[in-house]
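Every chain is named by a letter (A, B and C) in the order it is written, and numbering of its residues begins at 1.
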Amino acid sequence: MNFNPGDIVNFSVMVAPILFLLAVGLMLMLMDVLKAHSSMPLIAGLGLIGAGVLAVLPEKISSMQAFYGMIEVGNIAPLNIVFLCLSGVFTIFFLPDYLKRQDKPIYEVYTLLIFAIIGMIMMANASDLLITFIGLETFSIALYVFAALFKKEETSNEAGLKYFLLGAFASAFLLLGISLLYGLTGYTNLNDIAANASKLTDNPALFFTSIGLFIIGFLFKVSAFPFHNWTPDVYSGTPTPLAGFMATGSKMAAFIALGTVLIKLNFTQYDKLVNVLALAAILSMIYGNVVAVRQKNLKRLLAYSSIAHTGYVLLGLCAGKAGFVAVIFYMFIYTIMNIGAFGLVGIAERTLADTDMDKWKGLGIKAPYFAAAMSLFLFSMAGIPPFAGFMSKYQVFIAAIGSGQILLAVIGILTSVIAAFYYIYLIVIMYFGKNESPEVSPRFDWTTGLGVGLLAVLILLLGIFPSLVLQPLLQYMSGSISAVAAAF
Amino acid sequence: MTFDSIFQIAFFWFFAILGIAGGIGLITQKNPVMAALSLILNFFSIAGLYLSLQAEFLAVIQILVYAGAIMVLFLFVIMLLNMQDEQNQQFDVMKGLAFLLGLGFFGELLFVFNSFMGKSVSGAFPLGKVEPIGMQMMTNYLFPFEMISVVLLAALIGAIIIAKKHSYK
Amino acid sequence: MVLSSGILVLIQVAATFTFIALFTLWAVYAERKVSAWIQDRIGPMEVGPHGAFQTAADILKLILKESIIPAAAQPLLFIAAPIVIFVSVFAGYAALPVGPDIIASSFSVGVLYIIAIIAVDVIGLLSAGWGSSNKYALLGSVRAVAQMISYEIPTALIIIATVMMTGSLNLQVIALRQGIFSDVPVHLWGMMDITHVGGFLSWNIVRYPHLIPAFIIFFISTLAECNRAPFDLPEAESELVSGFHVEYSGYRFAVIFLAEYAKMLLVCLIGAILFFGGWNTPLPNIGSLSLAEWTSGTGTIAATLWGVCWLLLKGVLLILLQMWVRWTYPRLRMDQLTTLCWKYLIPGSILIFFLSGIIRLWEVGGL
């Protein structure tokens, strides 16, 4: 085996974001020991931003592999690293305030958040199924702990245990799928598997079993229809901003990883696989939206809406390579609005003593900024035009129609109407509901205010100029380097 | 037939039957301690099967990690929690459904594995001995090998968060 | 052919068993005599000259007695436990090089195998404690397990450190590389080539001085692994009657007893092989006075006898050291036990582990 020191240096530049985040995580552990608690969120946030910058810094963005073909650098990788890091940054805007309000100073959360994002980056950019699995386990373990964070509360216990048991079960399916794929081809490396695609079709039963198990593992992580049962319980037991992170960052990573694997295996040529994904998409959209209508608890409502959104993203995934950009774009927009919505629920949670919808009556008058921000996120989630949520849905539907999945797109549009009903119902409650809530009203402090402001601006900006994100996405995807500088 | 080949065949069947017996014991025993001990038996037999594949390192690590460390902690926890015997449970529709699904999945896997019969996995390198594993870990699989430490660290921090006595209520 | 190789295996097993049984007879007698001398008594004197046959008589009595299974016990676990305990320790002897040419199974991961198979002992202890349906037995076995899985970590780390220094997991090769028959050049402190000098100079503990604290850690943690004083909390006669084997009597008790002494001998022999050159002679070649070549060798019967004698001598000296410690130090408390392991021995062994890596790297010119 030839060993070239120059390669290692090159590779360390390429995996710089991961190594940098690792250093930040260790530093946060040290800060915890040294009792420098107040600046931990700041360091974590700056570290994530730094990692994002490191990801887009290198000029060479053509597709490359690092560490003996274990991880993909270049191509779409820099952008998805940025998006995943941003999901962490958005969460950190709301986290310190929430923990302070709940009177539970658990500072290890920041370290775990960083490690979770390392896992997500690894999984999203893996070019070897081993790395996919290790990345998945890394962030899953962090998320299990997030769910069980408030260990003295019964809901949190329930969330932690449910998520852990079911998550481990799903991981087992994923692992079985990977090992069957290895048994079938003799490789775990995706490029090697893709290069030996004839071996896959030699034994269709084994191939579909293995890839099916693989997909099951991921459908669980993104809470798509038949594997969605844990979602409402877990989200409502998890500390609210972290539930937002769970619903966005981890799903984004899982979708990118699943999409990468499926596209590398050129899955659109197998009708069965597309049909399975399409079925999951349809059922998720219908189930999530219909059940969400009857929810009275905001966190549960957001959980069901999250199942529905998973359906929309799966719809984009069915379109194959053409839909992949739409998938990433959708997930990024969803990250912005969902973390915002969860963040606002978290702020209101302590003040209003509950996450019950009735408590929000009349907030439009008592806390106008708060209600306005919430309305903005809800409108965006519903897909009302000037907001970014509309653009993301539009992209996904266009991709689906472009690949001939007309039925899927129609069902998507119909369920969007149902979705609009319950999102707007909440807005109606806030502005026209009878004021029954006590005199206190939720207020921003400067971090949450800044966070909400930033997210709201992003929603509006991307709603009007979606090409700000779409353009770089397309360019990175096609690997054209020169245009990138222009986009930034 | 030489002693070695007879011994090999006997060795395989001994551990194969023992492993299946352990697996059945695990799911049929009502006493949790006995169930855990059956699982240990199963792990042992799998280590024996690794040995018959000349994967010495894998066999030893299997015993060390699973039978020696993980299962002992399992037993420990069961004994400390003083778990009672499983009560006789009523049969209901969901359980029947789960059973049928499990049976179907088992059948599917049997069908799939049947296609492996008599084939060797192409492209796989001789695993199970110390030297090739060491070489691979430090070259091709350096990145996963190092990154597993992140998984373990995250799990460690998580365990501490959950187990630590915090000052708040 | 089939029959003859089968019989050969059986003979090897029987020989090892006989040896362990005889050793136990001697060791129990020695233990009683040593404790007597330390406490200024005379010890057993009745049976045989200076009480030499005392333990033989005791064991005879034990075997002839009825072995009672308590009514409340879980029979399967209760009966299986002593077997598991003894077999796990006994199986450890398979990878032990007794002499330059004698090793039952010279397979490439010998040390790891021994670490792994000894760890199985714990399962036997747990099932003994649980199967007895006796609170003292359960408490004793829970203590024993907590102690053993804690102290396994420093033991394993130190063993891996010595493995790093010798470059093999095979105990036979580890022993070979500490003497004049080494297949690789032997350097003292990384400078002098002493391949042909041999003797105690080429032992690991002399060649690499950082292994002296390593041996101390190894010795302490193996004491704890054998549940010997000052780490005999699991047996703690004063509080737990006698721990996990309180319900055992007759030949079942004898088997547990045998396993305990077999384990003592096993860890002492491993210590002798890892640190003190195994079956290599302690006498170096000094110029034309080639003491090392006279007192060891390979291939001949005489050489084998020399090797076996040297190894046993080293092992027995270590066992006497264990006994000395037992009758000198008082028993630790549970918190002291865990503190010692997790706060001192494990960090210490990790340090030695790192140091070994660095020294090894320096030796091969990587630094």
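Rule of thumb we're sticking to: a contact is a pair of C-beta atoms (placed from the backbone, for glycine too) under 8 Å apart; a residue touches a chain by one contact, two chains touch by 3 or more.
Only a predicted model underlies this, so the values are computations on that prediction, with no experimental measurement involved.
Visitor: State which chain is most central when centres are taken as means of Cα atoms.
Guide: So the chain sitting closest to the middle is B.
Visitor: State the chain with the largest centre-to-centre distance from subunit A, centres being mean CA positions.
Guide: C
Visitor: Compute the distance, rounded to whole Å, between the mean C-alpha positions of subunit A and subunit B.
Guide: The separation of the two C-alpha centroids amounts to 32 Å.
Visitor: Between subunit B and subunit C, tell me the centre distance in angstrom, where each centre is the average of that chain's C-alpha atoms.
Guide: Distance between chain centres: 29 Å.
Visitor: Roughly how far is subunit A from subunit C, centre to centre by C-alpha average, rounded to an integer in Å?
Guide: Centres of subunit A and subunit C (C-alpha means) sit 54 Å apart.
Visitor: Within their complex, state which residues of subunit C touch subunit B.
Guide: Listed in rising order, the residues of subunit C that touch subunit B are 1-2, 5-6, 77, 107-109, 112-113, 115-117, 119-120, 122-123, 126-127, 130, 138, 142, 145-146, 149, 152, 169.
Visitor: Which of the residues in subunit A come into contact with subunit B in the complex?
Guide: Listed in rising order, the residues of subunit A that touch subunit B are 1, 3, 22, 29, 66-68, 70-71, 103-106, 108-109, 111-112, 115-116, 118-119, 122, 128, 130-131, 134-135, 137-138, 141-142, 144-145, 148-149, 151-152, 160, 180, 182-183, 185-187, 192, 199, 203, 205-206, 209.
Visitor: Write out the stretch or stretches of subunit B touching subunit A in their complex.
Guide: Those residues of subunit B that touch subunit A are 108-109, 111-112, 115-116, 121-124, 135, 139-144, 147-148, 150-151, 153-155, 157-158, 160-162, 166, 168-169.
Visitor: Which positions of subunit B touch subunit C when the two form their complex?
Guide: The touching residues are 1-4, 6, 33-34, 37, 40, 56-57, 60-61, 63-64, 67-69, 71-73, 75-76, 79-80, 129-130.
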